[in-house]
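Quick one: the structure is below, questions incoming.
Order as written gives the chain letters A, B and C; numbering starts at 1 within each chain.
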Amino acid sequence: MALMAGLRVPARALLRSGCWLRGAALAGAEAAAGLGAGVRRFGSQRVLVEPDPAAGVAVVKLKSPPVNSLSLELLTELVISLEKLDNDKTFRGIVLTSDLCGVFSAGLDLTELCGRSPAHYAEYWRALQELWLRLYLSGLVSVAAVNGASPAGGCLLCLSCDYRVLADSPSCVIGPNETRLGIVAPFWFKDCMVNTVGHRAAEQALQLGTLFPPAEALRVGLVDQVVPEDQVQSTALAAMARWLAIPDHARQLTKSMMRKPTADRLAKHREADVQSFVSFVSRDSIQKALQTYLEKLKQKG
Amino acid sequence: MALMAGLRVPARALLRSGCWLRGAALAGAEAAAGLGAGVRRFGSQRVLVEPDPAAGVAVVKLKSPPVNSLSLELLTELVISLEKLDNDKTFRGIVLTSDLCGVFSAGLDLTELCGRSPAHYAEYWRALQELWLRLYLSGLVSVAAVNGASPAGGCLLCLSCDYRVLADSPSCVIGPNETRLGIVAPFWFKDCMVNTVGHRAAEQALQLGTLFPPAEALRVGLVDQVVPEDQVQSTALAAMARWLAIPDHARQLTKSMMRKPTADRLAKHREADVQSFVSFVSRDSIQKALQTYLEKLKQKG
Amino acid sequence: MALMAGLRVPARALLRSGCWLRGAALAGAEAAAGLGAGVRRFGSQRVLVEPDPAAGVAVVKLKSPPVNSLSLELLTELVISLEKLDNDKTFRGIVLTSDLCGVFSAGLDLTELCGRSPAHYAEYWRALQELWLRLYLSGLVSVAAVNGASPAGGCLLCLSCDYRVLADSPSCVIGPNETRLGIVAPFWFKDCMVNTVGHRAAEQALQLGTLFPPAEALRVGLVDQVVPEDQVQSTALAAMARWLAIPDHARQLTKSMMRKPTADRLAKHREADVQSFVSFVSRDSIQKALQTYLEKLKQKG
């Protein structure tokens, strides 16, 4: 499909490149306790997919305790789930949410970026690029039901969706807080920020590493709606209905017109971006900063 | 003039290419009932021009009943009127408005896009490009007095002006509703939207085909002022006075600096854009969608 | 440093090119009356630098009566002060403000642009480019404490900082009012405006030459905070503390990511921009307009 033209690395290549999917639950389906008769969950160990074929919608739930850090495994399973849904004509939209309490996604898994080999960093970054390109350009309507904190890479996931509903709770902060950890968001995250909140607000938030509480996130345009925590999913589904009222082909062409130039900036220079990341994260100073941060987290936790 | 550098097809070429101007009223002038002595209307059958030479302003009124659909004839007459005013040093500004009740312009004339030859689609699209380039880059100050509904191509006309005043009436909706008809706005309409309301609001409005009621149009920045219906024209003229307080040459160079990069994206690839449109609109699925829509309109009307 | 890659003309080249620094106060330091023990002012005749080494912050005060017009001397002294601070590891941030009452900076010094040689116009424009590139890309945190009127080039200085605090006084207007004088802001000022307030607000303000009173400047996003006049500097220092809480290297790389594409548009075409300015300002019509304006100012003053 035209919308996918930017994507060069199919999910199976990610698998081949060494990411082992524990449980091999990909093709399987499990009975879903608490769902109506005939509704079945599928997905993988860390990504639950709750399909509603009648509505043409699947709810995709991140479930990688304790905080949905984007490990290589979670990235890969998410890419595979999205690829599957993108290619299944039953589905026209997805709601992306968290199965955990209080956190949507904590962003990049820093243990993947600390004390590993350059080859590992490269593999990890390719998987992150892949996830972003797939989600940002997906032909499916994507609504983020942000039911928990969503810093850094978690924020990136949200911004890559078509619409964002955030839970109105003080813990549900969202934003690009990379600089606070001494690291830097990639240019394509920056582009997403600029496209969503404009150049000035992006510049300030990215430099200051701002985590926005719900009211501020709404005011700056980082999310589209803020609702009580127990209405996040129903509000996301109501938004989905508005998007599904539009004929897919016209909506998809329009989405591509809006997003392809941004995605192409990465798609055309993926390897350079990988090399730039690997060389940045391999620096002694960055490794030390990450190590210090991880040790602090351990002491806390 | 530098501002016009992007324009390669003069209005007479459009005429030569087969568009017959009924009434040949172009050069003529008619006594204008209800206007002060010495003030004369000119224009063509579908475009009334009410000049106020003392003020250096002309009011350009669309009059193509029932809904000012942008037929090939209306496009051509409008291009010719604009070219004439652009080249006449008497005039420094135009107010673009509708002579009909309740509608500014219904946008593209779908009967031009349905069951016709590829050559016709190409001719039509070239005329639309021409109108947009001329209006968007005009050295004249252009104020849209939006006294009626302004969907799709009607919205494009408004966004191509320097300033927009919208009537505060529930029927005066404005926005890019193309996707609702199963079609897609061209990239230069998208660029206009992004330039006016920013990337995020443009993305959402273009995908959802949003028609904004006046208060929402003002909030999102699609228009600059919303006033009671009977004050639209006077407010537009008051805005015009503020723009005319600026020396023309400095204002024109600044306008060109802001708009030429956007216009050039089309000007440099006009034929590719024509071919892309012709091939899109010639698709069976699009023809069927347009036919169904036109039949619905007939049944309603 | 990577952030400075766009800068080709070091400050000493400006000096060599003929700008004489009266007082040769550059390297000197003077006892600062009214400052605490051990705190010393340095700087040049027109640029006072009040360092606070403990905080890592220097307050840079423009002092070129009567209105801090950006003369070639002031531009050059400011570039040299910034270069010095940029290269001194004692400092992580600067507060840019005015030592005069009621005016931050009146913008370009029109006497430099009127009745002089093309070579002088070229030298002047190169110095302005140099100042902008250095301030816009500075690795230092820069906060503008805008304690007076800030039209045209004054506004450009403010927009080139990271954060702007404006005094809440009716005289403290700020904006790009070039067109009102019959001149045109350069494209890189336009880019700064677009990056700060978005395309639509920039287009309108630049064409109309709008000077925004404080409340309007805040609403449109031209400044970040408006506070009572006597709190401008303390508020600027409080903002500085928030920016200094971020590790420098991550903040600087992020700033560069946001700003380098904009700066590069000028950095790559500096000479063409100089030539374009020289030919514009040398026009008879522009010279006459400037002369008339200067004579009016004289009669007033």
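Keep in mind that, in the parts below, a contact is a pair of C-beta atoms (placed from the backbone, for glycine too) under 8 Å apart; a residue touches a chain by one contact, two chains touch by 3 or more.
For reference, the UniProt names are A, B, C = Enoyl-CoA delta isomerase 1, mitochondrial.
Remember, it's a predicted structure, so these values are computed and weren't measured experimentally.
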- Message: As a multiple of 5 degrees, what angle does the CA superposition of subunit B onto its copy subunit C give?
- Response: 120
- Residue numbers at the subunit A-subunit B contact, same meaning over half shared and different meaning under half, come out as different
- Query: What whole-Å value do you get for the distance between subunit A and subunit B if each is reduced to the mean of its CA atoms?
  - Reply: 40
- Listed in rising order, subunit A residues that touch 2 or more other chains are 198
- In the complex, subunit B residues that touch subunit A: 178-185, 187, 190, 198-200, 202-204, 206-209, 285, 289
- Message: Please output the residues of subunit A touching subunit B within their complex, sorted ascending.
- Response: 162-163, 194-198, 221, 224, 242-243, 246-247, 249-251, 253-255, 257-259
